[in-house]
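After this come two complexes, each holding subunit A, first together with subunit B and then together with subunit C.
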Partner chain A sequence: MMASSHVNGPVRAVHSPAGWGLGLGRLFARYPAISRILSLGLFFLVWEIAGRVPISYAFPTFLETFYAFATMIADGSLISAYGSTLQPLIIGIAISGTVGVVLGTVMGLSRMAEWLVAPLFIVLQSAPMAALIPLITFVYGIGLAAKTLAVIMLALPVIVLNGYKAVRNANPSLVAMCYSFQGTRLQQITKVIIPDASPVIFAGLRLGLAAGFIGVILAELLITPTGIGDLITYHRSVANYAEMYAAVVSIILVSTVTLAALEAFEIRVLRPEKRRG
Partner chain B sequence: MFKGFSCLKTGAAALVVSAALIASAEAKVRVAFGDIASVESLHLLTALERAKEKGVDIEITYLKSEDIAAQAVVSGQADIGVGGPYALVQKVKAPVRMFLQLSTLRFYPAVNGEFYKTWKDLDGQEIAVHSRGSGTEAIMKLMEDRQGIKFSKISYIPGSEVRTGALLQGNVKATIVDAAGRRLLETQAPGKFVILPLEGVNATDEALFANQTFLEKNAEDVDKIVESILTTWREVTANPAVVTEWRAKYKLLPDLPASQVEEIVPYFTELAKGKAFPLNGGGAAAAKDDFAFYTLSGQLTGDPSSLKVENFWDTRSLDRVLSKVGTM
Partner chain C sequence: MSIPAAVAHVEQSATTDAVVEVRGICKKYGEVEALRNIDLDFPRGKLTTLLGPSGCGKTTLLKIIAGLIEPTSGEVRVSGRPVSGPGPERAFVFQDFALMPWATVMRNVAFGLELKGMGKAERQAIASKYIAEVGLSGFEDKYPHELSGGMRQRVGLARAFAVNAEVLLLDEPFSAVDEQNRRKFQEDLLRLVEKERKTFIFVTHSIEEAVYVSDRIVLLSRRPGRVSQIIEPKIDRTASPDAIRRDQGYLDTVEEIWQGLKHYVD
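Right, the complex of A and B next:
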């Protein structure tokens, strides 16, 4: 596979067996991507073997799944599925992001708001959402509103609680500095507290998006099958297990890529001190 | 060396004995339902109680969907499943076979009388069905073909009761509902909705299926179950009201709310009138009908005439029971 060809090249250059591990270690340190590809490659290999054993009649091999994945991209079904899945996700994340950051900031600044709102979100965060989502349909039916609400229910608590902790734990010496420079309360908030809290708030948004992905998939599996949830239920019902797994893996892929991109953005813009040299 | 060997032999013998003991302790026949028990399964529950009376030790579990019931049977965590695993048998070559048809699809295309009166009126209109690849979708596609019409869009609303509600509220104008939904439409808004005629659709809705090895090793138990069900089905068809007596006799679904208890007799009367209980257990004839229907719905692939009954059905038990109780 691709991974082994990556590894074989440089490894051949190392002669002594003792140098093997060392060379590999150095290689991984220099190109972290190689170790990731190798670990993925190993995982796919294990998957392929497990599929060939087979551990279950309903468990496809990696190659079958990959082929199904390519077919589903080629015939456009995967892409159009994401078109409808992303709709409630984007609306839900936009609402949770706006409301969550504002609410979190207010809670961080005011003890009163904290007492009023924080317990609700702490409870929501630990609530079994998969059990609560079907209840949404009793009030909001089965349309876009219900699915958006499912996304919000999962994403909002994370965003609010992160924002609240970030603002509450803003560096006290910076706040004191603002005070000693005779800064007003408004200046203290907009020029010191929020900029200082922004990395953690942003991390909350990133975690909120991850939770939102879970929310939208849960909604599509539990409320009405649309988009990617429809692909999963449909292919399962007609026993196209390779296609079903391909759809599941595609979600992992899309959410991983999105989150990695956000993390890269976060490190580049908000936390320059974390950048690797 | 020899001593060690004989030791091994006794050990192996002990293992075999204990395995046999475990097997006899586990000789329970585990039946996996793909849905929770409701009024609609009262006759099946009765039949299983009767099989118990004949000495079959039955344990019923209720799973979330038919897919999961099928997976449970394939993986050996259940012995008999309720459902129609045609796709599973064809596509992944799972060694399960159906051995008794429990019900045929009974659905009623219902349209809002203000807008549509006949099949032809649905040309170019939107309809709602249960889900992609479902029996309801296949029925509507079949009628599309037969009537020479074309729907503009098929939308998916899972749950017949949800579609019935949507029809009553005016959210959809044409859909397909089950017997309970049809009755609800007739009681809630008499004359407002038109039930379109549906003929010649005779596909399996639910069947009993099991692993081939289980069917061979437990032929006696399977025969008893098949016989109980066939005789029960014949009794329900002759006298649907008897189901309430059975419910009392076998203490089935004791927590059923009063409103649903009232539904029992009308539900079974309607199905008995529509001949929804296969009196001869389906078998090869049913399989042939299913091949035609499920190739259309996408569950099965290939030319229906090329599909072989023995790849999907094991009719031996049914044949034995039918020769005993006779065909109707």
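Right, the complex of A and C next:
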């Protein structure tokens, strides 16, 4: 019986628990979303249990947090908070992205620009930016400009340095190939160097975006109590821990979704070969 | 073939139709002398191989001919005109394939034409022809990572053919290809040499490969690279590939070259 089933159907010959595991593995491989949802669900379950134990009176359960989240959306406080948080974030990221990619590319292409600019950004990247953010207030006050500047200060160095490294390390064999087929310098840059560098440039943009979220939240916590930073501070001060956690989780969600969207855009537009397995 | 006969051939070849002439090429990397005073003619329509021990500068010489490396002194003439830098009459096939991973086979093959500003329909028609010629029909929309090493190098070869250069420069094209694919590829290359009627300059470190595919073999000495010997294998190319590999002339030439190179190997 075993032997014949082994010959006829090797899949069926596997013991059933292992077969189940194999099936699950295949299911996850085919639909990666299922495994992600399952892992999130597991995390929320652990959260719920930890909240019910409770590990701290200031630690709400998942369901309480979710309820707070729903109420904050319903009363509009979350939405208006995002209105004021996302504005400096979008402006700051747009400026950092454009300036950063251009500057990084120029630095990668020209030794002169590298000597002039690279040390500044290397220092900026390693500097503890959070310590500099309160200083912005002295110059730009507490308005939109200050928050935008905080985003740029955190996002720009990583975008510039990634762009610079990516362009500097563009595959020399491809560059030689373009040269040998008499490509002009402009063609070399647009058709070979930038596409080749794009994965690392985009990694820089993703890191820059993540840093931008940190920058805007830091600015809201440290300089101007507005937006999500204000929601977090306010609900903490009045001991609405569920609301506070809801605000924190929401900003994590927003930044994750934005980063995933950026990655999807990159694969779709710039590296079509990554779309296939 | 004896050495004096080969030398005699070099002297007379100045009067024959040489498409690429190399005159007094020296190349120094700082203190290291890679090539010393190379004079060579590459006759039109022939496949000439540069063969030598590793570090003899054969790839450097090929890249100087391609215009990818500047010589320290000396000049390269193509069809009688001195050249500096790459030109449309030469096309290069890279050892590491140099395919753009984000581009399909079609775009990679047509890339040389794309750089010249040729319209999409026109360059794709030309590229299709050469994709078929190297045996990759049906793979036009694949990306390089979906192909085997041998197939990737076929893409590199098709790209070089597509720009319709007179001279094809191949830098150890089969070194990153496994042995079985390499044999098949060598046979296909001979067929393409026959069909395309172009001048091929081929760099390899494999003696068997050199003897199998070449009309002319230039042996370079160890660093600093100099021309030590020129051999013209007398092999009947019309025979089947297997017959060639068992041919006495083929085996004798392999042995002769090995005797010449042996003292360079430690």
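As a convention for this text, the second predicted complex is superposed on the first by the 242 of 277 C-alpha atoms of A that agree within 3 Å, B and C clash if a C-alpha of one lies under 4 Å from a C-alpha of the other, contacts with A are read in each partner's own complex, and residues count from 1 in each chain.
We take it that contacts are C-beta pairs under 8 Å (C-beta built on N, C-alpha and C of every residue); 3 or more make two chains touch, one makes a residue touch a chain.
Keep in mind it's a predicted model, so treat the numbers as computed, not measured.
K.L.:
Applying the document's definition of touch, where does A:66 land relative to subunit B and subunit C: first, second, both, or neither?
P.N.:
A:66 sits against neither subunit B nor subunit C.
K.L.:
Could you look at A:174 and tell me whether it touches subunit B, subunit C, both or neither (first, second, both, neither)?
P.N.:
second
K.L.:
Report for A:271: first if it touches subunit B alone, second if subunit C alone, otherwise both or neither.
P.N.:
Once the two structures are laid over each other on A, A:271 reaches subunit C alone.
K.L.:
Classify the contacts of A:187 with the two partner chains as first (subunit B alone), second (subunit C alone), both, or neither.
P.N.:
Touch partner of A:187: subunit C, not subunit B.
K.L.:
Just subunit B (first), just subunit C (second), both, or neither: which does A:44 touch?
P.N.:
neither
K.L.:
Mind working out whether A:121 is in touch with subunit B, subunit C, both or neither, as first, second, both or neither?
P.N.:
In the superposition, A:121 touches no partner, neither subunit B nor subunit C.
K.L.:
In the superposed model, which partner reaches more residues of subunit A, subunit B or subunit C?
P.N.:
Of subunit B and subunit C, more residues of subunit A lie in contact with C.
K.L.:
Mind working out whether A:213 is in touch with subunit B, subunit C, both or neither, as first, second, both or neither?
P.N.:
Once the two structures are laid over each other on A, A:213 reaches no partner at all.
K.L.:
First (subunit B), second (subunit C), both or neither: which does A:234 touch?
P.N.:
In the superposition, A:234 contacts subunit B only.
K.L.:
By the touch definition at the top of the document, which applies to A:58: first (subunit B), second (subunit C), both, or neither?
P.N.:
first
K.L.:
Would you tell me the residues on subunit A in contact with subunit B in one complex that are also in contact with subunit C in the other?
P.N.:
none
K.L.:
Quick one: which bits of subunit B touch subunit A in the complex? Just the residue numbers, please.
P.N.:
Listed in rising order, the residues of subunit B that touch subunit A are 67, 71, 74-75, 85, 87-88, 90-94, 131-134, 156-158, 162, 298-299.
K.L.:
Which of the residues in subunit C come into contact with subunit A in the complex?
P.N.:
Touching subunit A from subunit C are residues 66-68, 86-88, 90-92, 94, 96, 98, 100-102, 111-112, 114-116, 143-146, 159, 163.
K.L.:
Taking the complex as given, what residues does subunit A use to touch subunit B?
P.N.:
56-58, 142, 224-226, 230, 233-234, 236-241
K.L.:
Which residues of subunit A touch subunit C in their complex?
P.N.:
171, 173-174, 176-184, 187, 191-192, 195-196, 198, 270-273, 276
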